[in-house]
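In the two assemblies presented below, chain A is common to both, partnered first by chain B and then by chain C.
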Partner chain A sequence: MSRPVPRRPEYQKINKDLFVLTYGALVAQLCKDYEKDEDVNKYLDKMGYGIGTRLVEDFLARSCVRRCHSYSEITDIIAQVAFKMYLGVTPSVTCNNASRNEFSLILDKNPLSEFVEELPAGRSSLCYCNLLCGIIRGALEMVHLAADVTFLQDRLKGDSVTEIGITFLKQPNEKKYRRRK
Partner chain B sequence: MADEALFLLLHNEMVAGVYKSAEQGEVENGRCITKLENMGFRVGQGLIERFTKDTARFKDELDIMKFICKDFWTTVFKKQIDNLRTNHQGIYVLQDNKFRLLTQMSAGKQYLEHASKYLAFTCGLIRGGLSNLGIKSIVTAEVSSMPACKFQVMIQKL
Partner chain C sequence: MAIFSVYVVNKAGGLIYQHDSYAPRAEAEKTFSYPLDLLLKLHDERVLVAFGQRDGIRVGHAVLAINGVDVNGKYTAEGKEVLEYLSNPANYPVSIRFGRPRLTSNEKLMLASMFHSLFAIGSQLSPEQGSSGIEMLETDTFKLHCFQTLTGIKFVVLADPRQAGIDSLLRKIYEIYSDFALKNPFYSLEMPIRCELFDQNLKLALEVAEKAGTFGPGS
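Right after this comes the complex of A and B.
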């Protein structure tokens, strides 16, 4: 070929752009189909759930993480390994309550909304990245952990950072997760 | 590359989602392929802009099609198009013998009729890419045996 072949890093960036652009087109189409923001949010969450249940297998196959013994370990793994692997960013983790089952992932830079300037007019309660919540919820459920995942802060709605809150729900037989003495 | 898994899963969910809402009567059935194709169109337009930012100008139509078959396909699907045929009068046939979005499905006749749903987005992708390079076209796809598929591009002379 007469044209010089572009370097690898550019190609990888474009690969990520493919996912981000596809997601944007999807949200745009959903906004056209559904009038209410809650419907779009629910749809994105359901979609994310479907993706998460399958993504977790891919994740576990690629990263050789060992069994976790606490909720904070799990959240650290989600932030430092999973996010890094799939989105190329590492959110910081904070624990929100004393009983250590509520955590927050704080993202300075949200790769999914890289090309979004602002939410469209009349869509102020749209959670643009609700897919992420669904993915995390689906993935956790596949490893037998029930959790509530929502957006606590969103840069697109005017907050300074994007914050995802994970609340691990109590298991009926929690004895299994306690470390043996 | 881990990103690929994400895109594959998102694409499959999109197809499933569009068809499920059609089933529930919210949208007519024939519109599903159009929806997916339109989404692909928009993504193709954006992608090709980012891609060709620093490349040299294309000499002619054939040069553009070769670019799509080599660089574009390699970046998006990690491999080149296996065969490009043309009649030099505006019709191009791109053949991919192992199409990435179909490899996850079983390779027999079982899902052949459903395969076209998974090609609509990519047809739009090609059409959008060509559109932003100044070429108006119609792109269709057919699958004769999984996971090989053929994309037919008909250039529309204005």
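Right after this comes the complex of A and C.
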């Protein structure tokens, strides 16, 4: 008997504007605090990492996903279950290389940057949604998978879609008997 | 109380949370006159009964209280040594409470790390590849259920063997952990959980589990 995802009644439908505004305020403040785009991106990633390490437990507790056996399964679950649960969008997944360890999530609609028209002048290499990269990286690390997560394409920088690239890295000390995905 | 204890063990094997809810059982309080007809000995910082089992006082029971005041290991509440106190005829008649000694928090820490190691050994002993670790340990007086999350945290529940619905209770405890411990920004991962809300909600969940026996959907 499959258990439906338990939803707390007070969180069924709320307005996401406060969430989007909070994220915007966060990025704006970081831009004021740090001059270089790389610094802002780095701190967004770091914050996202901290969020990801906690969010993954909430995700696993509520979504009842089974243990995965391949990187493409994991990417599918991130796209179809996790993104759906937390952002309400379902990115499409493509595999970028033959050795099946580089994947892309293509987002045509990104709730976080829905109201952002373009990056301000002088901030051309800012990754506005870098928090998401950090979240995915932190979450994967908690289930013992090292990955590099970056933005490959960004609609805010002029590309046609927003693309997040996930590259799964080989673990330096993979223990034979303790592989847990 | 059909659910006896809950333990939460982190990835490294350290105990980060522990909750006991069993009612004390088999305690006996009796008034004694000099000389004491039980043989008491000091063991592991506790005064235990070594010989002279009678009337509900069994070998292995510890001295829990003297004259109604709880003892502190091998010392009375005033700081005197229990054995010395009981060998002095001037202190008699004395009322002593015996009972099964409770585990100290250090002992619990040690047992949790030992269980963590046994859990890992369990999965290695398996003839199949990629087996899980120990999920249940059954004895005649209790059943130990263990649930390990994909991130390596273990939730261990000790319950009455007849208690049903422990699997859903373990999942529920995982949800409570992800809510009240992890979403607390001042809680650091892998550290002991000292969150009031986590305690309260856990106790509520245990009560519900005992009454209902199983969890329905959407609870």
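Keep in mind that, in the parts below, the second predicted complex is superposed on the first by the 156 of 181 C-alpha atoms of A that agree within 3 Å, B and C clash if a C-alpha of one lies under 4 Å from a C-alpha of the other, contacts with A are read in each partner's own complex, and residues count from 1 in each chain.
By our rule, a contact is a pair of C-beta atoms (placed from the backbone, for glycine too) under 8 Å apart; a residue touches a chain by one contact, two chains touch by 3 or more.
Please read these numbers as outputs of a predicted model, since none were measured by experiment.
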Which of chain B and chain C A:142 touches, first, second, both or neither: second
Partner chain in contact with A:62 - chain B first, chain C second, else both or neither: both
Contacts of A:89 with chain B and chain C, given as first, second, both or neither: neither
In the superposition, chain B vs chain C on chain A residues touched: B
Contacts of A:54 with chain B and chain C, given as first, second, both or neither: both
Which of chain B and chain C A:31 touches, first, second, both or neither: neither
First, second, both or neither for A:152, with chain B first and chain C second: neither
Chain B versus chain C as contact partner of A:81, first or second or both or neither: neither
Common interface positions of chain A, toward chain B and toward chain C: 3, 6, 54, 58, 62
Residues of chain A touching chain B in the complex: 1, 3, 5-6, 11-12, 14-19, 21-26, 28-29, 33, 43, 47, 50-51, 54-55, 58, 62, 85-86, 115, 131
In the complex, chain A residues that touch chain C: 3-4, 6-7, 53-54, 56-58, 60-62, 67, 142-144, 177-181
Chain B - residues contacting chain A, complex: 1-7, 9-11, 13-14, 16-17, 21, 26-27, 35, 38-40, 42-43, 46-47, 50-51, 54-56, 70-71, 74-76, 121
Chain A partner contacts - residues on chain C that touch it in the complex: 120, 123-124, 130, 149-153, 171, 174-175, 177-179, 182-183, 189, 217-219
